[in-house]
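Multiple structures follow.
Each of the next two complexes has chain A plus one more chain, namely chain B in the first and chain C in the second.
== the complex of A and B ==
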């Protein structure tokens, strides 16, 4: 029953990359813990935003969901089918349902092929349309994404960045997928063009009932497009929940820091804001810290944080709000408590309370 | 005190496809201890502008003047420019990985910078100063980190090293060209904070080139908005954000997701920036402008004062009072446009409007 609203279910997915060393005989000396035990759901017709900094594992997770990378352990369920580590042949019919839009519209389009052939390629691969029919459908797609269909025979170099990203969108849309994974789709674009592409993505979602897994590092963009948001840090989800709840009352100190660091295009907001300046850099994912992965940089870290890893759970105030809002606490929901659901989840032993000033906690000498 | 005074700067490049007019008639001042934010999209000329000041655009056709502490930078011979560049004006580029030499230790690169300008400094002294500089920009354990290669630094640390290098000779002016664009938000916040603190410590002037209005809102004192090689609006920061006059500035502000309520449609600017080889007639923004009227097609406006302060300028034919986001200003804009929009301008406006509406409206019939 509940499964009907869920298009993708990611269960405890782990992805490690071996680190090799040695001369002639390469041996594995460690692993990059790119994604470490992540569970989430993507609902039909909805957008799950995935936020995180460089190296947080968000792109790796997206590639695991798309079946482009085999997972180390865990399961990926797409539309009721277990697609975990399927063979290429078995995966092929499902490939048309999951498409990707990449960040860089310059390197994700073959410069030597004409636009018509780039957008028409999915039809050729899946043998769904040929000849004049293919051309007609490609031109329809071009029109749909706001490109001039007469430019069918042009090369990518003849288009601007924003137009190229529209080509990428048209190609992703060609086979009428159910899920489009957008990996930083607008971060290479200028703001005025970025807004055009975001509007296009939102129109297409309404029209075709698409689900998006939307990855970006720009928190305002994610807030604009997403229904639910998950924040990743060093391969794990630190916090997840419905957009308004997560942005309105962030509970994880990392989310608070991230939100306070995001530049606001408003001088008064910028001046009034107290930044939570994190010290140091993200630790190496080869040997992530013990306990909570954020504890070495956390202004609230306590001894417990380095000893025990906090679970991704509803934390005090959120759980209360959740029951108060009328959601029945039925046992079946326990399984539904993963990122992307309706509940605000936080992986922190000492979540940030409403009105708590982390900026002050971070600079105690000033207080 | 005015540190740098740029007047009527023009830069163009001859290419096989025609003359690229990258910067056209830009004038501005930079005061000591203040930050000028130059905002614009790709191809607006913001980078060419500052690189020209530093003599980094060989082969360009340059006219105008740029008086820096009494000398015209544009008249300097390459060897004279070398003494200014780095010592009195230093630059921080966007990508710290490509700006650092991968085969030399970070500390060595900083010492080299010091010794290149002052031979009297011994190697040992220069190395010590490199450690001090790295400490000043917040690199932990600088004594050991000076012996690292750039690839051993994270992105944020590399940018800190670049800043250390830029500071090494205590320049009067620092030009930062998208210094945080390649960095994550939390690291960006650290770097902006660092730049601000260092600027206050040494009263350095800063030119911050960025496409990110958030960065400008954060650290600029004055803002210059560029479009197609021209300054279209120039004002103290608050005026630009709260009572912008030029429709391009307004469009940029409205394009940002944060400015509209979540879930609402964004209001992008129609079309895309023009080719710098084939510029449109009249105001270069007119094909994308919602307030286009006849005069805009024929005559290019120069910067004109918007208010009595003498600080806020805009290059737009709309009346000066039509500034800001208030209802009266909007009414005044609409009135002007309706009164002066002929057939030709109406067509241009209709094309831009159609483009913005296209994805939503046309599909209904398809």
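== the complex of A and C ==
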């Protein structure tokens, strides 16, 4: 794996939010462990999908990568530059390279500003185009994302959800960034509109060689767009690997449960498969469980799981395939390699084997 | 599921929508104006306010028409044998004269100039200051917010009449001093409203989007947050003008505002106290001017608020009434059968 292929390298990023309490003098009584020691790699021109349930730290991680939130510790390296906790002034030139598309097309566009002004905002901030030139470029962008350039003077309220998300895409695209962080860009849209926006994103990726960090909780959407996928649970990455390998042969019990919970379009498939039902709630991220974060809900949990934190490593069959291809399963290296190369990594002491029936193993069965 | 198929259908649907009736784009202000126009009370109030402003501007013209400059006393024509003011219409004094035989009508108009000037200018300065302080406190938060918010609370809690009296005594009563005092006690309310709104708006995704584009804090505050605040600030500002007018009159009434011979509603009313038993017009007309002006501004402010926020109960009631009227009209020619409630839109 050549270093040039890597656009973003996230190294052991930790993000804690202080929990304050008390009356007059507010003291910190604890921390929300939103992102806890996450490492991953985004390759040039590729899409890294990030899935996980609500509260797993996906969006926080995205904001750390985008430089919108300072990280507690760890490093974010973008295109060879360490951009961790840069000041706003120092970050400014890099803002052109990293852009974001937001989840809610209704709240991500200022209702009091016209579309032309919203899409032209990046040009105004970076003083790259003014007056007629700005208008021309904004209209080009509008056309590129499938909006009518004549609607330049309209307000966001006059567009549908899908059109609004296109406005968001146009705004993110304005400065020709290298990386676009898509924070659940289609979660708020109708299924039919989701497809349009996803196809637009993939066209743009091919046209401009964009890299995406694509966050979603819809597994099928992530599968559709991603090259690599990482699964987050309670601030940690539980499993990461190439899309086909991860979906075809999930190793982490949480991934298995997540996949089994996804709705299947085919009624026969839906009837035949077995749901892995997880018991209990997601533990509080203020005091995450010891050892493996998933162990209180894991159908395969063993005493070891609550005692020792499993590393994110190539496991069993994956490791064999990996050694065969020449890469040694070196634990020290593996952490930084998350989702880099074609390694399938799992943070589990007892990964799920092929054909193993998790539903029968621990939880109740769903007929 | 084939994504392309779904997309194809969806695109078709969207195109169909595109070609159908062209929707005219309307801005927030256009919509507000439309709603305001249908509010009869607000429009009446607006007309009254405009007439007041016109009269104030035209005060010298009326002085010229009546040949009665505001500060000139007419002991011969303006006072009766006993030295009391003459009534309305006597000797060419439209609204009578005051205690020293000056034209009351002209003096009320000149008083309107002072009152409206003080009301509008202090409210404008106070709004600008309140918006800036509220935005800074709300956006930056932390220690800055704590300090500014406490300061705001302190100003709001201050017994302002006492401070105004103290300042007027120390610096001597003058127009600039009363404007400073009124401004100082007006910005805090606006700052508090702006701060609260800023706190909620700054959590919106479009603010994060602006930050991710590299926008600085002042750009975000004034280009992204401020336009969303203009509506409440406008409403509060309109309601602050009459307060400032009354405040100015109060100070002048107490002798600490506008000094005679310059006319102000407050000092006219103060002088009128000695004559209320003999010359009713001397008290009634300046008091009416004050009442009508403040009432008109207040009603206009209420109207603007309702027009900005159509969820207000009054507008809903108006709309219900209109719908009932329409239904009755429709029902009339067809007989009682057609008056049944509409099942789709109850």
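Just so we're on the same page, the second predicted complex is superposed on the first by the 345 of 367 C-alpha atoms of A that agree within 3 Å, B and C clash if a C-alpha of one lies under 4 Å from a C-alpha of the other, contacts with A are read in each partner's own complex, and residues count from 1 in each chain.
The rule is short, and it goes like this: a contact is a pair of C-beta atoms (placed from the backbone, for glycine too) under 8 Å apart; a residue touches a chain by one contact, two chains touch by 3 or more.
Keep in mind that what you see is a predicted model, and the values were worked out from it rather than measured.
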Which superposed partner A:154 touches (first chain B, second chain C, both, neither): second
Touching partner for A:54 - first (chain B), second (chain C), both, neither: first
Partner chain in contact with A:162 - chain B first, chain C second, else both or neither: both
First, second, both or neither for A:130, with chain B first and chain C second: neither
Which superposed partner A:274 touches (first chain B, second chain C, both, neither): neither
Touching partner for A:112 - first (chain B), second (chain C), both, neither: second
Which of chain B and chain C A:145 touches, first, second, both or neither: first
First (chain B), second (chain C), both or neither touched by A:100: second
Partner chain(s) touched by A:202 [first = chain B, second = chain C, both, neither]: first
On chain A, the residue positions that both chain B and chain C contact, one per complex: 160, 162, 191-193, 195-196, 198-199, 224, 265
Chain C partner contacts - residues on chain A that touch it in the complex: 63, 66, 68, 88, 91-92, 95-96, 98-100, 102-104, 107-113, 121-122, 125-126, 148, 153-155, 158, 160, 162, 168, 171, 175, 191-193, 195-196, 198-199, 224, 265
Complex contacts: residues of chain B adjacent to chain A: 41-42, 140, 154-157, 184-190, 193, 211-218, 237-238, 241-242, 251-253, 255-260, 262-263, 265-269, 272-273, 355-356, 358-360, 362-363, 366
Residue ranges of chain C touching chain A (in the complex, touch as defined): 1, 3-4, 6-7, 9-11, 13-14, 17-18, 23, 25, 27-28, 204-206, 208-216, 219, 223-224, 227-228, 230
Chain A residues touching chain B - in the complex, by the definition given at the top: 53-54, 140, 143-146, 160-163, 190-196, 198-200, 202-204, 207, 217-221, 223-224, 243-244, 257-258, 260-267, 269-270, 275, 277-278, 280-282
